[in-house]
Amino acid sequence: MGNLTNDFNEYRSRMNSRIMETSNTNIKRFFALDTTTYAAGALDVKTKEMLGLVASMVLRCDDCIKYHLEKCRDEGINQDEINEVFMIANLVGGSIVIPHYRRAVEYWDELNG
Amino acid sequence: MGNLTNDFNEYRSRMNSRIMETSNTNIKRFFALDTTTYAAGALDVKTKEMLGLVASMVLRCDDCIKYHLEKCRDEGINQDEINEVFMIANLVGGSIVIPHYRRAVEYWDELNG
Amino acid sequence: MGNLTNDFNEYRSRMNSRIMETSNTNIKRFFALDTTTYAAGALDVKTKEMLGLVASMVLRCDDCIKYHLEKCRDEGINQDEINEVFMIANLVGGSIVIPHYRRAVEYWDELNG
Amino acid sequence: MGNLTNDFNEYRSRMNSRIMETSNTNIKRFFALDTTTYAAGALDVKTKEMLGLVASMVLRCDDCIKYHLEKCRDEGINQDEINEVFMIANLVGGSIVIPHYRRAVEYWDELNG
Amino acid sequence: MGNLTNDFNEYRSRMNSRIMETSNTNIKRFFALDTTTYAAGALDVKTKEMLGLVASMVLRCDDCIKYHLEKCRDEGINQDEINEVFMIANLVGGSIVIPHYRRAVEYWDELNG
Amino acid sequence: MGNLTNDFNEYRSRMNSRIMETSNTNIKRFFALDTTTYAAGALDVKTKEMLGLVASMVLRCDDCIKYHLEKCRDEGINQDEINEVFMIANLVGGSIVIPHYRRAVEYWDELNG
């Protein structure tokens, strides 16, 4: 793993711990729901992670993109497949997605480095 | 087919024809790219249409949702699968997606009626 | 009640029932969370409904606006107060909110008619 | 003028009058600012109306699009020019803009009918 | 005060000064309106700042979130209250808000440290 | 040129090169379309770059704003003109645009320094 992935995961873990210390019951339920939603069901985890990725890209959330890119790599998604997710995100979300796509390519490279 | 699907498809076809009459070369290229992006490639059409659907839902575009719902039904996506796409859209996009989810359920029912 | 409020509430109730029939466990949990979030807690219901309203306005979701306007009226929010919520929404969200503000004024008038 | 333009202008005028009756000082100032912003200055009205149109399209606000289309026509913007504004909106905002572009073409046709 | 708050406030002050030097009359009016909107009126400042915060969170603007968090702390909003604002923002805006919520918790901690 | 412009242009060039190495045909077509869209046509480049800038500002994409600011400077847009574009962006997009406007002013100053 490289710097981008380490920094992202360290910050995310630290703040999620802090959220578990300080938040209320509804917030904890919302986080739990965030986990169960991506579990295997009628759709497999690979498909769900691609859905999470494309949604994160069109909404232009860099941290969400990083999280789902890492899950996509864990699911064995290859370069041709991820390119097609990237293309749908660029097309649907428009050229405004391109700066996020650049950062996604950089992160994907590091994950696969 | 029922009223919602007929009205949507009639209007969409009519205006797309008008766009082909009035638009410029770049717009025509953009529409062509919109078609080739969802063709089978490294990912199959079923997966791509679910990606198009979830992106349309989090961006809250009713017409885009209708279009991809119809394609999803053509690809044989079942109720359990579409529910999991709906859930990812609601979770990622938030409760603000719910009114669009309601209309999606109504349209999906008509497509499967 | 007038036509706008009746139509909105009838459609909302009907589709929510349909969602309860067709959806999965996670979606039902998400809807349950949507209810508990607005219950009285450290903040009273009146404040929470204004928070829901302003969030709905800046995200430009007409159905969400209608829902929270009705709750705001139930909580006894007066014209001067609702105007200040409207202003924050217009300022933060910009002139793009104005068409939704127009429809909010129409709905608010009917609720108070 | 046809049905779309009449309906839009009638509703907009009626609700703006109601807003002037019911709103507070800050809201009135915000509406005044909305007017002065598009007045001729360092940029001419034609350029400003194209700026308002493209912003409205990428933010996907149909009523805002209608308003600026009418102003664009008043400024003598021709078909080739409006097409280039439409293309920038589609490119920057993505395919999610297309349904709004369809309605814009329909409205533009009626304005020029 | 810690690093996050100092850096944010220093940059904000410096650039606001630069804006007052370089901008035009309409921009200055817009900034003035931004100030008067949050002044005490029919709603108290505490309520208005919570409205500004939730709107900033669902629109996912980190700098706006920081600004309103600081005002919320000045108004004496406690942990239970801020958690309920955070929850409404997460629910309405969806999981895409979570990275901004993490940064909000970090900033809130520093404000209260 | 100063640090902000150098850093932005270096990163953009490097990642665009990487995209040309790793992406698929549709993505390359999308990037080509992004270039041809801003070429002189019925509208001149100056007008198109202002359209790209205002669209980028209301969608709150800092990198897109930087790119179009640089093009606007290349086209000889002066301070009074850019202020009017900034004002339309602030008005249409709301106070949520202000943090992006601050960064735009900083970047514009560096471009003209």
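By letter and in written order, the chains are A, B, C, D, E and F; residue numbering begins at 1 in each of them.
Here is the rule we use: a residue touches a chain if its C-beta (ideal position, glycine included) is under 8 Å from a C-beta of that chain, and two chains touch if they have at least 3 such contacts.
Predicted, not measured: the structure shown is a model, and the values here were computed from it.
Colleague: Could you run down the chains that neighbour chain B and chain E together?
Modeller: Touches both chain B and chain E: A, C, D, F.
Colleague: Comparing centres built from CA atoms, which chain ends up most distant from chain D?
Modeller: A
Colleague: Have a look at E-F versus D-F and report the one with more C-beta pairs in contact.
Modeller: Result of the comparison of D-F and E-F: D-F.
Colleague: Measure off the straight-line distance from the CA centroid of chain B to the CA centroid of chain F, and report it in whole Å.
Modeller: 30
Colleague: Need the CA-centroid distance for the pair chain B / chain C, whole Å please.
Modeller: 26
Colleague: Approximately how many whole Å separate the CA-defined centres of chain A and chain D?
Modeller: From the centre of chain A to the centre of chain D is 36 Å.
Colleague: Specify, in ascending order, the residues of chain F that touch 2 or more different other chains.
Modeller: In chain F, the residues touching two or more other chains are 24, 26, 30, 33-34, 37, 41, 55-56, 58-59, 64, 80, 83-84, 87, 90-93, 95-96.
Colleague: Specify the contact topology among the chains shown, as one of line, ring, star, complete or other.
Modeller: Contact pattern: complete, every chain touching every other.
Colleague: If you look only at chain E, which of its residues touch chain D in the complex?
Modeller: 24, 26, 29-30, 33, 36-37, 41
Colleague: Can you tell me which positions in chain E touch chain F when the two form their complex?
Modeller: Interface residues on the chain E side: 11-12, 15-16, 18-19, 22-24, 26-27, 30-31, 34, 55-56, 59, 61-64.
Colleague: Applying the document's contact rule, which stretches of chain B touch chain E when the two form their complex?
Modeller: Residue positions touching the partner: 58, 90-97.
Colleague: Show which residues of chain F lie in contact with chain E when the two form their complex.
Modeller: By the definition above, chain F touches chain E via 60, 79-80, 83-84, 86-87, 90-91, 95-96, 98-99, 101-103, 105-106, 109.
Colleague: Which residues of chain E touch chain C in their complex?
Modeller: 33-34, 37-38, 41-43, 47-48, 50-52, 54-56, 58-59, 64, 78, 80-81, 83-85, 87-89, 91-93
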